[in-house]
Every structure is written in C-alpha cells, then in structure tokens.
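Order as written gives the chain letters A, B and C; numbering starts at 1 within each chain.
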C-alpha cells in the first residue's frame, strides 16, 4: 500500500503537466465547443489504451489495434447495413466479438507459436487491415447506413448543466472503472503483472505464458472492438483504408505517457487515463490553433518521442545503472 | 526404516534430445531428515531436484509422494502437493509486493477475487515464522539475495510444505545468512518436512545432512547415512577417480612464483583510494608475475572493485595507474588496449555468445588485431588462432565450430579464459574463475593461472572458494563492507585469517 | 579442385525450402497468366521489389544485432521527396545523389541519437520516427507530386549483362554483406552483440558504435531505395512506400535471420526476396488488391518466425527494454 500512492502520483505528473500546459497556452480550450470536442475524442483512445495497457504490463506490445479497430468498424458497418434496426447492445456485441476474435488470434500466435509480440502484431496489422477490406468488399460505410442507435451514443447522453456527457464517454468511464477494479482484484489479472515483472518466475509458479498472452491480446482486441463502436458513433462513416489507421501509435503513446514500464510489470489505469486525456487535449489544441492536417503526423511523431522521454523520467528504476550494485554490503 | 518415505523416486531417467541427464536414479526423502545430493557439475543433481519438484517430467521411472504415485504436470502442481524447490538464483517479481510475491499464481480468494487482507495476514505469519523482518507490502525490487531466498521459502510455505529442496542456495550467502538458513532448516526438520539439499560445499553437507546420495554422469553411484562417509570418500565417489582435493592442495602447495623481498618486480597496477558503488577508498598494488587474491564475503564489494578497475563501471573517486601512468577506462575495450583484461564471474550472462561457435567466441576480443586494414579477417588465420588458444586447455569439444552453449560449464569457462588470454594481457582480473566448474577443470584452470603468472602476467583474483584463494594466491587481500580490511601472506594466509578479516564489521 | 558441394557454400534446409517455393510460385504464375514466364516480364517484376530487397539486406545488420528499425519505409519516402525537391530546384545529379545518401545516413543517425537520449527501446523510437519522418515528408510535399528530370528516369529499365541495374546493386550488395558477416570485424561484432550484448561489451566490442553503424547503414540503404524508386516512377509523393518495413522484415525473417538477433542468413534474404517478389507479382496478376497482398505478407511473416521460433526460446521478449 505504501508504495502504491507515490507511484500512482508519480506516474500521473507528466500527463497532468501536459494537460495543464495545453490549457495555459491555449485558453480557448476552456470553451464549451472545445471541451465537447475533447470529450468526443477521448472515449475511442481511452478504450484502446486500456487494452494496450494490459499488453504492455505483460511486457509485450500490440501495434495491430488500429487495424483491429478498422476491421471491427467495417464488420459492424456491414452488420448495420443488413440489420438497420439492431439494438445498440447488439452493435456492441458484434464489434466486441470481432475485436475479441482478432485479439485472440494475436494471443494464440504469440502464446503458442512463440512469435515475438512486435513481429506478430506488425504482421496482423497488415492482415487485419486486409480483412477490413474483405469484410466490406472494399466499400465505404456511409452515414445513411449507420443507425441512429449508434450515432446517438456520441451525440446524446446525460445532461450535466448545459453540457451533455455522451453515452459513449459514460461507457468508457464505466469500462475504465471496471478494469481498474479488475486489475487489482482478479487473480488472473494479477498474474499478468507477475508475468510482466518476471516471466521466468511466473512460469515456475505455474503461470503459463500462453494463457497470459491469450488473455492480454484478447482483452486488447476486445477493447479495440469497443473503440470501433466509439469510432462509428463519432464519425458515422468508415472507410476500410482509413478507419483506425495509426491509432495504435496514440494508444501506445497514452500508455507510455501514463508511466507504465515498457519492460512490463507495472501500469495503472488512472495515469493512463490522464495520458489519453492529454493526447485528446493536445489534438484539439492543435485544431484550435489551426495546425493543418499535413502537420499532424509530424507533431504526433514528436510527441511520441517526448512521451518516451517523459516515461524515462517517471521510471526511476531505469536510470539506475547496473544490476551488479544492487546488493548491499553485508 | 519402516516409515513410508515422503518422496520415493524409483528408476528416474531423464533425456534431453536423446542425451541422458539421469540414468535410472532411485532416491528416497524421509520426513524430518535432510538428504544431500552431491556430485560434479553435470552429474545430474539439479536435474534430479527438478524432476522431483515437477519442473522436468522424467522420461522413465516413477515418483511417489507419501506412497501415492504422482506425476506433476507443472511446478505449480508440485507446489500445491507440498513439494517445492528453492532455486540457486531466486527470481522474485520486482514490481510486486512481498505478499504478492509469495502468492503469485495462487492468491487467496474470496468470491473469486483477490483476498488482500488474508494475503497480507498470512504473509506476515510466514515471515514471522522464518524470521524475515520485512513488511509484506514493500516491493521486492531491492531485496538482497539472502532475503530473496527466504521469500522463495516463504512462498513454498504458503502451501502445506511436505518436501523442500534447496538447490545450491548457500553459494551466495554470508556465513551469518547460512547460519540463519540452517536454523530454518532445523525448524523445518522438526515440523517433519522432508528436505533435500544440492550442494558443492561438502562441509555444509557434513553439517546438516542426515543422508547423502552421490551422482556421477547421471547415475546414482553411492548412497547412505552421512556417517558412512568422510570428505575423501565422498570426493572419491563424486569423481570416480583419485584426485587430490583442493583442501589437500592448500595444505601442501606453497605458492612459489613470487617471494616478496627476494626479487624486485615491476609494479604494473597501482590503485589509489578507489571508490564507487559498494566500495570505498580501496588501494592496492600489483606486481608483474604476481597472483593477488581478494577474499571476503559475497557483497563485500569485491566484484564492484574489479569492475571499476577494468572500466566496466565508473569509479566516483580515486585513481588507477597502469605501469606508472594514470588511466581512466570508460570501457572494457580501452582497458584491453592497455593490456588489462577481466574475466567476469557469470560466464553465460557476461562472457559467452552461447549459440555462436567456439571459434567466434575465442577470437572475439582480438578480432580487430586479426583483421587487415580493411577490417577483413582471413579464415585461415582465425582458425589457427582459435585452435591454438583452445589448445592451451584440454577443452572437450566436437570442434571449434561447435556452438559454445553445448559445452559443459567447465569447458565453457576454459573457452572464456582462452579468449581473454588470447588478448595477451599484462594484467588479468579474474572474478570467481572456477565458480560452478567441476573438480578436474578446476585443477586445470589453477595450473594455467599459475603458469600465466610465471610468464609475468599480473593476476588479481576474486574468489569465494577459500581453499582456492589460499592455494594459488601469493598474497590475499580481504575485503569487508566495501573496504580492504587487510593483507595476508605466508603463514598468516589461513582460512581462519581470511574469515576473521572478512567478518570484521 | 575440391569436390563441389552446396552445403560448403552455406546452403541449408531453409534455402532448399524457399527455392522449392519459388519454383512452385513460377508454376502457379504460369497457370494464372501465359505471359508470366516471359523473361522480360519476370525481370521487370522482380526489379520492382529490388528497392525493398536492398533495404532488407542491410536491415540484416540491425536485426542481427538484436534490435529492429521500423522507420526504413519513412526514410525511403522522405529521402525520395528531398531528392525530387532538390532536382526540381535545379540541382545537378551528383549533388542530389550525395544529398540523398547524406540524408539517409543522417536520419539513421537520428534514430541512434534518440534511442540513446530517450533510453527507450529501438522499436518504439523507430515507431515514433516512422511517424515523424513521414510527417516531415508530408509537410514538405503537401498533396503535390514532384517530378524529376526526364533523363534521370528509368534506371529500372536499363540492363547490364541480362540484369537490371537495381538487381545488380542488390546482388553485389548481397555478396558484400555476406562477406562482412562472415569475415569482417563489423559483421562479426554485430552478431556478437545480437547473441549476447553484455558479453560482447565485456569482450571489448563497442556496442553503441557498432549498433549505430547498423542504423546508419539501414538509413543509407533506405536512401538508395528512395532514389531508385523515384527513378523508376519519375516522381515522388509523400504517401509512397508505405508499409515496406513489413516487406523488408519479412524477407529478412523468411530468409532465416533470427528476429532475436545473433544469427543471420544473407543468402536466405536474397532467396526470400525472389520468392516474395514473385508471389506479389502473381497476386498482382490475379488482381488481388494491395491490402490483401499485405495480409498475405503478414501471414508469411508469422509463419516464418513461428517455424524458426519454435526452436529454443532463450529470450522470449527480445524487444524489451535493455538497460
């Protein structure tokens, strides 16, 4: 317990600082339209980052989540084409199911075929993108297809004063709270932390690497499926070649900014949430101050680098040099 | 002996890719008794321990626990059945709390969720029982190795413990820590736990064991109550041939290559007030052709001192002079260019390219010297060099193109030494040069160190093996708590002398 | 003359397998289209992929040293854009070429500096520079294409002794790189680092410098690929060469180089280059869209690593942080 609080605080500082700096430099962010814009950005990234966090805690990385999102979005779009009256729960189930299966495929390849996580997900990044084309017949999902039940998730919600908290944001908040509880209380998820901290030791305790990889990549895919619903609710359209492209970078960046150790074993939902908020704020700030679309990739690359720098300072264990000196004199 | 043994292993055979690691070994562990497994490196002690604790599944043979036949599918299953292995090098989960370390993989649950309260309570109880004075909530990251072992034991005790096997656990411990561990073993005995001990240290075997089994080349060659053996008969059984054991040598051999006062030798290394992480204000002088040993307990700062001299770590204060010139090495490469080479302790981790051929391992430190001005190396020159250097030792290998990882520990160590000697150093720093090496190879390595010294190489050697330290050093420096406590030579260089300085604080 | 044997040349099972697959692809291709087996057509098709092949060959250094560089595709496109811009600004061919090579080296070097500065794993840093370099190309070019002078176009169609110039570059480079890994200090030290970084350092290998050279060489190779690409297409756009890092890594890994470092197979890379370029050509003839082709490459990559990776898994997570 004693170690928990400082670490959580320590990991929250870089993203919190980033948010503060954005608001200081771009006062217009406080305007209601900007805030709404942030709120509409946030859920998709947040859901992706929660899934990514668990993968990184296990000491791996999942760069295929953008493509899983694209695949799930196109699958959901095609489903809505034939079932325009489907209830929103069913939409969630379809996207989540597609995402889960895709994630389990990643997990099985890493866990059972022993292909390194990065290589696996680079490969499936391409493969799932191909599936997005296949499932949609390379056509675009247009606004007329996306049912109101889905778009309402982003446009309607619980009013708080003059402001409306969109349903999809509420869903993301609940998902984050549930995961926060789960990573602290579910034995299986504690095993993920043990595995990420020391894979060899975890093996000796009967924690099998295959089941861990299946779990974390499965969850990552599941959350990418949820994020697909957020995507479709926000944009009300989707093209197989663009839906979710590059979002894996944002998700990884959010987790990195949120102070999760890249070698695995640590990582908390709350700081990562702040990391997502920061990226959302940053995105809106750039739009507010009029940075063009051409610049976005460049700025993003710079920020991912900055995030890596911030992660380094947030993790003191990384700066201590060699392991040989760790033992104190008798 | 009419009681049912806790563990009864019968005819255990174990093969890896057709190579036999164990050949029909039978062994029994009794409740409340300590059974020692001894043997040379590669004799199969650790393999047997791993079979019993479910880490390896035997190719043939059967295992019964309290009369019931068992086949552990995993170490966890074995642990749940009450059989645990305490490893040579414990592997805690640095990012988890101590309590979570204990229960990783089998946390106490309530309604399917982690029962944090029960976990902390139970951890506290176990800590009290084994005398580990730590809070269950602290992180395992900074735990010293002795406490890491106790943490492993604590984890074993989280289940109902019937059998525990200690695999070379005392190797990295200080005498106090060893005493504490043996105290705990006594308590476990009283509780009726069957205990196995794998050890290279025969004096420890005689101290705690009730029975002993000797393995050689994967087969059981001798077994019985400890009272049936003495040191020599045990060693004879282990090696299967008459070899003078090291302790004999230390009493008979007198270092001869260097006699202070008789010959004035050139000072090749002068260390003045060197300080760094875990060592402070260390000064020493090394002459050409001299072997200086550094004794002390693990954790006294010896390795750190050696690393700083060799340029692996940066010292914070003090100076190093080579042949009268001040040097500041920022890498092992610079040190080697000045004729100073270090052989690190952990060869698999720090010295060998396990999947690469022996040839490449041997010539790696001298690649640049073998290369022409375009950086290319003639294969002929390389092969000749590798054959010549490995030929210095009787390295058992299929050929110089065999991957070095396939060799036994002793032969791997010979490859490391060959590669470092190939550099042609004036100063050789050795860190535990025979750790985990079998008796035969040890002898050969010792001979080689001596002949190097006779050729004029100055040698600074850290060793925790007291007989070795005394047998080949011309003088011995003893470190404790990061400082050099004193120097012993001639008659004063005795095991007792070293130990009394080593525990100075 | 001693008895000739393939295994003495380093021929192994992987090579036989890939060769068999190449023949299979040729057979399938001839069924799909009559003109597939036409010599000129095959040469053209394989030449199309020579750029990626060159990147793959040099990427062997980075991968053999136990890390990975995901930014090569972005370096290729950024250099291509710079090269085209310079030519449009009226610079001479030698100046443009030198500038391109220099830019490639500088971008590779930037990766090195960032890895060091941020103390982060190379793959994450190069994920960031993948975005950054392409982002710079995008800012530089906007939505336009920039053309190069007519006389600079068409290196891919010029042949010398039956092979196109890009293929000559590729094959000669392969021989050189094979030699470097076998006999040169740099190649051997690269393998040593990939096999055991700490041991290499203790044996006197300058780990950071050796790895830095590997990254710079990957940058230079990407620059060469960029120049060849512009010469082939006659113009540059910022969205070119997206995803070629996947192709390049696949060629390296299918060829038998260990993705975990410490083991390299240059001949395998060349064979994998031939196989992949032929397979992609067949898929093109069969009218499979590019995204489907990508999917296939993904599957191939996984299959290759899985086939090799089921062997001893000494380091499960090689791409983790190194400290």
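Keep in mind that, in the parts below, a residue touches a chain if its C-beta (ideal position, glycine included) is under 8 Å from a C-beta of that chain, and two chains touch if they have at least 3 such contacts.
Every value quoted in this text rests on a predicted model; they were computed, and no experiment measured them.
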Chain contact topology (line, ring, star, complete or other): complete
Chain of greatest Cα-centre distance to chain A: B
Where chain A and chain C are represented by their mean Cα positions, the distance between them in whole Å: 30
Gap in Å, rounded to a whole number, between the CA centres of chain B and chain A: 45
Multi-chain contact residues (two or more partners), chain A: 261, 321
Parts of chain B lying in touch with chain A, wherever the complex brings them together: 55, 74-77, 79, 87, 91-97, 100, 104-107, 109, 112-114, 135, 137-139, 141-142, 144-145, 155, 174, 176, 277-278, 297-301, 303-304, 307, 313, 480-482
Residues of chain B that touch chain C when the two form their complex: 312, 331-333, 336, 342, 344, 349-356, 360, 364-365, 367-368, 371, 375-379, 419, 423
Residue ranges of chain A touching chain C (in the complex, touch as defined): 59-61, 63, 109, 113-120, 122-134, 138, 199, 209, 240-241, 246, 249, 252, 256, 261-264, 294-302, 304-305, 308-309, 311-312, 318-319, 321
List of chain A residues in touch with chain B within their complex: 1-3, 184-187, 190-191, 193-194, 196-198, 200-207, 261, 265-266, 317, 321-322, 324-330
Chain B contact footprint on chain C (complex, rising order): 179, 183-186, 188-189, 191-192, 195-196, 198-206, 262-263, 314
